[in-house]
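Structures are listed in the sections that come next.
Each of the next two complexes has chain A plus one more chain, namely chain B in the first and chain C in the second.
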Partner chain A sequence: MTFLETIAHIVDLVPVLLRVTTPILLAALGVHISQKAGVLNLGVEGMMLAAALAGVLASAASGSAWVGLAGALATGAVLGFLLSFAIHVLKADLILSGIALNMLAAAGTTLVLYMLTGDKGMSGSLSSGVLPSLAIPLIADIPVLGRLLSGHHVLTYLAFAMVPVVAVLMMRTPFGIRLRAVGESAEAAATAGIDVARMQIAALVLSGLLAGAAGAFLSMGYVSWFSQNMSGGRGFVALAADLMGYGSAWGTMAASLLLGAADAFVISLQGKGIPSELLQSLPYIVPIVALVIHARARRKRFVRI
Partner chain B sequence: MAAEPIIRFEAISKRYPNGTEALKGVSFSIEAGTIHAICGENGAGKSTLMKILFGLERATGGTIRIDGQPVDISSPRAAASFGISMVHQHFSLLPSLTVAENILLGQEPRRGLLVDRKAARERVAALAARYNLEADPDARVAGLSVAAQQKVEILKALSRDVRVLILDEPTAVLTPPETDELFRRLHGLRRAGITILFISHKLGEVRALADRVTTLRAGLLSGDAAMGDISDAEIATLVMGTTKTVPPLREPHGFGAERLRVDNVVLRSLAGADRLDGVSLSIRAGEILGIAGVDGSGQRGLVSVLTGEVLPHDGDFHLDGRSARGCSTAALRKGGMAHLPADRFHQGSARTLSVVDNAIAGAHRSSRFSRGAFLRVREMETEARRLISDFSIRCPGPRAPLSALSGGNAQKVIAAREFATAPTFLIADQPTRGIDIAAAAFLQGRILDMARQGTAVLLISADLDELLALSDRVAVLYAGRITAVLDNGPHLTPERLGPFMLGLEDAA
Partner chain C sequence: MMITAMTRRSALRAMMLAASTSVLAVAATGAQGADAKKIVFLVNGNLGDKSYFDLGAKGMDLVKQKYGDQVETKVIEMGTDQTKWLPTFQDVSEQDYDLIIACTFEISDIMAEVAPEYPDKTYVLIDGVMPYDKGDYGNVYSVVYKQNEGSYLAGIFAASLLKDGVVPGSQGTSLGFLGGMDIPIINDFLVGYVEGAQSVTPDIKIAISYAGTFNDAAKGKELALAQYRAGTAIGFNVAGLTGVGQLAAAKEADKWALGVNSDQELIFKDSDPAMAAKVATSMLKKVDVTLARTYDLFLEGKLPIGTVEAIGLKEEAVGLAETGNMATLAPPALKQKLDEAKVGIISGAIKVSSGFAIDQAALDKMRTAVRP
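On to the complex of A and B.
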């Protein structure tokens, strides 16, 4: 392989990498916001799954992919609100509520799917729209750069655009400062006159919106159907990405890319004679290894403060 | 007196959900534009009363009147609308936020959707200049010394429109010059018409500052008088009942072999307050070495190194002749070290755990309190009961969570735990901060006892009187360096130490 061919090969991998990173990044940014507010959104997996189905249903009913996206976002936001309702009004445990949400979404989506289509596995009989990819005029025609920057999915652009938005939101706005204050010490924030419950509700609704976008990408990004458990653990991968992100939106993006790369690597090796069971376990092994390395790095003793 | 009092407490009672009666029908008035001190032993109910006024706790009986009108103060937000601000006994700062973000939390200046950082910086700088309390707006609070955090707390309280400023033991962490400075500022605030409620265990401060003093004892009002009409001894009697305290006495005794040796320790920390620039020390068995110095001169760095929390970049230290550099905190503790941390609430205790758990923490693996994988719960409780009675800790019982104890009583739990380990090397960092007169005398007596029995003690204290009463030698720390090591004696006075503490003289 010549040098140029190698470059071309790598350039070819970039779109795959961005594609698999998109849902992880969207969900991880949502987790990031919730974690900063002290209400880690463990229900992110379930929110993605429910939103993926809701997107397909809304799109099939209306005939528009965009209405489908709106349905997915709304579903995520409502679930985020319900989770905060459970915690603040019903005084339920945060972790248990998150887990319950995941179980409910897994069973609930299957039930709804079966009731509407008579099929427990796939929503093939409903025709949903597909959200578009965008070619950027002019840039699309530049040889290598065009391939890198143009032609990605609209939600991929959204995901990466959300990184600076979330970073600025958290670090530079009054809302973000209060959110972080609540997450660090609810008691101290309340003393300063901040409404803790309201901030945490807002955080979980935002988190749900982002999880909803991730869900829409799964069912309407490149395909036009929902399948049982199609989130496939990406919500948990997103939780790992947030933990590895050193508490910043940019770090969360870097971690999401790393975990996405593991996924992309697997895809590129498929059909090359490696046992598929081994391949499919890789995206789960990488977060474990990464978290272990990350935990060890944090034990460095010199810089405490 | 024509004007209505600005605040009137009428038969205020407070019964906490666990049954503790913290206040039993307390009535008194606070005149506008005065400095009003509230005194009482640890657990007397001072903080509870202030929390009720600030809307953090609800009274279970009685009425608060502001300007003669009965009011309902249901939250800190409501208190703010009446112009009431509070500096809390336990800091309510957020370590990961900057000074400016902390001070302006909830009232950030905006430019469009964003925080106007420039305006925020300017507002903090103006506030700091106005009250002459220096603070770097962009510093992260986590890196500040305790005294610097105290200043930020006060600035935060003053950042809103204040009519009434509540200060719950604001001077516990300040050195004498810093306290004097604060007092000048508080007098200035009074001239500006602000009413100040001031809680302190130090009668000298109350005398210097207050116009009037109210004393509480076990939830009851025990006295209320203008400062001119009451002597210090009378206040002490009203606070403590009949008990008399005997100030501890240092007796000369011989020292044993060198216990702690610190050689040229260097710590290049991110926060200036922790930096050490080649510190060497030595403490013999039975000796108390006092560390004097303005807070933030490297005390925290020195303690972090000696307790094994951080590895120094250079230099070494030896305990009983063995190098201890790189030893874990657990190993050092096993080797006979005990550590009473200055920040008892972040470092020394777990607020939601019980008194027993806090009192045993660290010793829970010893054969005394565990058998195999199991804890010996009854042994633990017996020991906790013993500490509670030895240190006269006021609490509902050993199983109560630490958060249900008054500030001073929670501190006593931590002190009791550390002293109970019978250490060969004790680090006592601000041992009597926030502790009432009688209990402070008791703790100081215990430190002297331990030294007599051969413990080497590193004593860090912002209170120079305490330092000079207990220490055999005093080392002065300034900007991460030891600027003098002086033998204690009648010739050693706060005035003699002053120039070294401020870095004007250097004998090293």
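On to the complex of A and C.
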């Protein structure tokens, strides 16, 4: 392989990396916000799944992919609200509620799909829309840079655009400061006059919105249909990405890219004679290694204090 | 206590009967002959799947058409609630059916539980195997498919499309295989496919990927896109819902897909014709033919009840979808080649390896030989 071919090969892999990373990053940013508010959103997987179905249904009913996206976002937000309702009003356990939400979404989406279409496995019989990919004028025509920056899915751009938005929201706004104060110490925040429940509801609704966008990417970006359990554990990968992100939105992005890179690497290594069992375990080895490094680094930090 | 238990049990039965009659879908009942046989097809799910269950119901129709009022057929949809399957099975077993038929491996556990309780009834399990060595299943007939034979035809078809230039070389020079997992049943498809393709082009290249999941359409699409990028023109998906992602990749990359089990062209025929147009053909497991054949054998007293039987091309139980895109894509010479291969396999002149029997070293050697 010549040098130029190698470069071309790497350039080819960038769109793969960005596609694989998009749902993880969107969901991970959602987890990040919830974690900062002290209500880690364990239901992110279920929110993605339910939103993926809602997007397809809303799009098929309206004939517009954008209405589909709105449906997916709304579903994520409503589920985020329900989760906070369970915690604050019903006083349910945060972790159990999150797990329950995942189980409900897994079975509930199949049930709804069947009731509306008569199909159990997938929504192939519905003609639902797909959100577009965007070609950036001028940049699209530049040889290598065009491939790298232009022509990606609209939600891919949204995912990466959300990183600075979330970073600023959390670190530089009064809302973000209150939210983090609640997450650091709910009692202290309450003493200072912050409405803890309201902040945590807001955090989970925002978290649900981002998980909804991640779900929409799966059913209206990657493919044009919903299928049973199509989230495929990406919500849990997003939880890992958040934990690996050192509590910052930029760190979460870096972690999401690392996990996405592991996936993209495995995809490009398929069919090269490497045992498939080894390949399939790689995307799970990466977070384990990263979390070990993370834990060691954190212990050192505590020692310093 | 005993009486209470029994009353409770019969009350339960009555409730189950009421519950199951509410979900009964009677496919066909007609004027019955004096000694009409009664057969029932239990759907562990619902009709409308465009796959096994719809084909099974079609098989029941075939039986009804052939035997008219000599047979009473019924299709019962048990729904997706698995807790209903066992009571419905027991309820049906209490009645006077001559044959109780169900399909997919998902139902095998329930059949394994119910069949020994009703030794005078006869059960049929399609595309699944009873654990005959672990229990007394002398009243269950299991039938599985020789998917390697059908996949052999898929291999000939795909390799010939490339060789004959129907799919131009500009679209790619190799074939693809997208498997769900690296397990014997998936590799049974693979070895047939590879041998079929090699019979046309001995040095054919086939990109092989395993997704590790049967649910992740996005991953299936990404793996298929990677194959298409690397020069695959026609890919064969054997990965359930993951595999359907290949169709989205074929549409996006303007390449070709081969479906599996049921006719995947039909999934998107109405909702997304552009995607359906990229499904060159599908390797079918013909549950309808299987069901009709089973009943014929049963009437003749030749059904090997209490054993597992593998059926393939000889029984017309596997094969390519020949309607739709395949009809226009394949030149007459290719159709003839496929027919000749079919005759060869049936007569034994062509031996197709099995993914269940092949040893790991031979499998690795085969995969290495076709690596692009």
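The criterion applied here is as follows: the second predicted complex is superposed on the first by the 292 of 305 C-alpha atoms of A that agree within 3 Å, B and C clash if a C-alpha of one lies under 4 Å from a C-alpha of the other, contacts with A are read in each partner's own complex, and residues count from 1 in each chain.
Heads up, the rule we're going with is that a residue touches a chain if its C-beta (ideal position, glycine included) is under 8 Å from a C-beta of that chain, and two chains touch if they have at least 3 such contacts.
Note that the coordinates shown come from a computational prediction; the quantities given were computed from them, not determined experimentally.
Once both complexes are superposed on chain A, the partners chain B and chain C fit side by side without clashing. When the shared chain is aligned, chain C comes close enough to touch A:Tyr114, but chain B does not. In the superposition on chain A, A:Glu184 makes contact with chain B only, not with chain C.
Of the two partners chain B and chain C, it is C that touches the larger number of chain A residues.
In the superposed pair of complexes, A:Pro174 makes contact with chain B only, with no contact to chain C. In the overlay built on the shared chain, the residue A:Val16 is in contact with chain C alone; chain B does not reach it. Once the two complexes are laid on top of each other via chain A, the angle at chain A between chain B and chain C, using C-alpha centres, comes to 140°, given in steps of 10.
Legend: residue contacts after superposition of the two complexes on their common chain; A:Ser248 is shown touching neither chain B nor chain C. Of the two partner chains placed around the shared chain by superposition, chain C is the only one that A:Val223 touches, whereas chain B remains out of contact. Touch criterion met: A:Ser268 reaches chain C, while chain B stays clear of it. When the shared chain is aligned, chain C comes close enough to touch A:Gly124, but chain B does not.
Distance between chain B and chain C in the overlay is 38 Å (nearest C-alpha pair, rounded to whole angstrom).
The part of chain A that touches chain B in the complex is made up of residues 168, 172-174, 177-178, 180-181, 184-185, 187-194, 301-305. Chain contact summary for the complex, chain B toward chain A: residues 56, 75-77, 80, 86, 88, 92-97, 101, 105-106, 108, 110, 113-115, 117, 142-143, 156, 269-271, 274, 304, 309-311, 313. For chain A in complex with chain C, the residues that touch the partner chain are 12, 16, 19-20, 23, 110-111, 114, 118-122, 124-128, 218, 222-225, 227-230, 232, 267-268, 270-273, 275-277, 280. Note for the complex: chain C touches chain A at residues 45-50, 80, 181-182, 207-210, 212-213, 215-219, 221-223, 225-227, 229-230, 241, 244-245, 248, 267-268, 270-272, 275, 367-368, 371-372.
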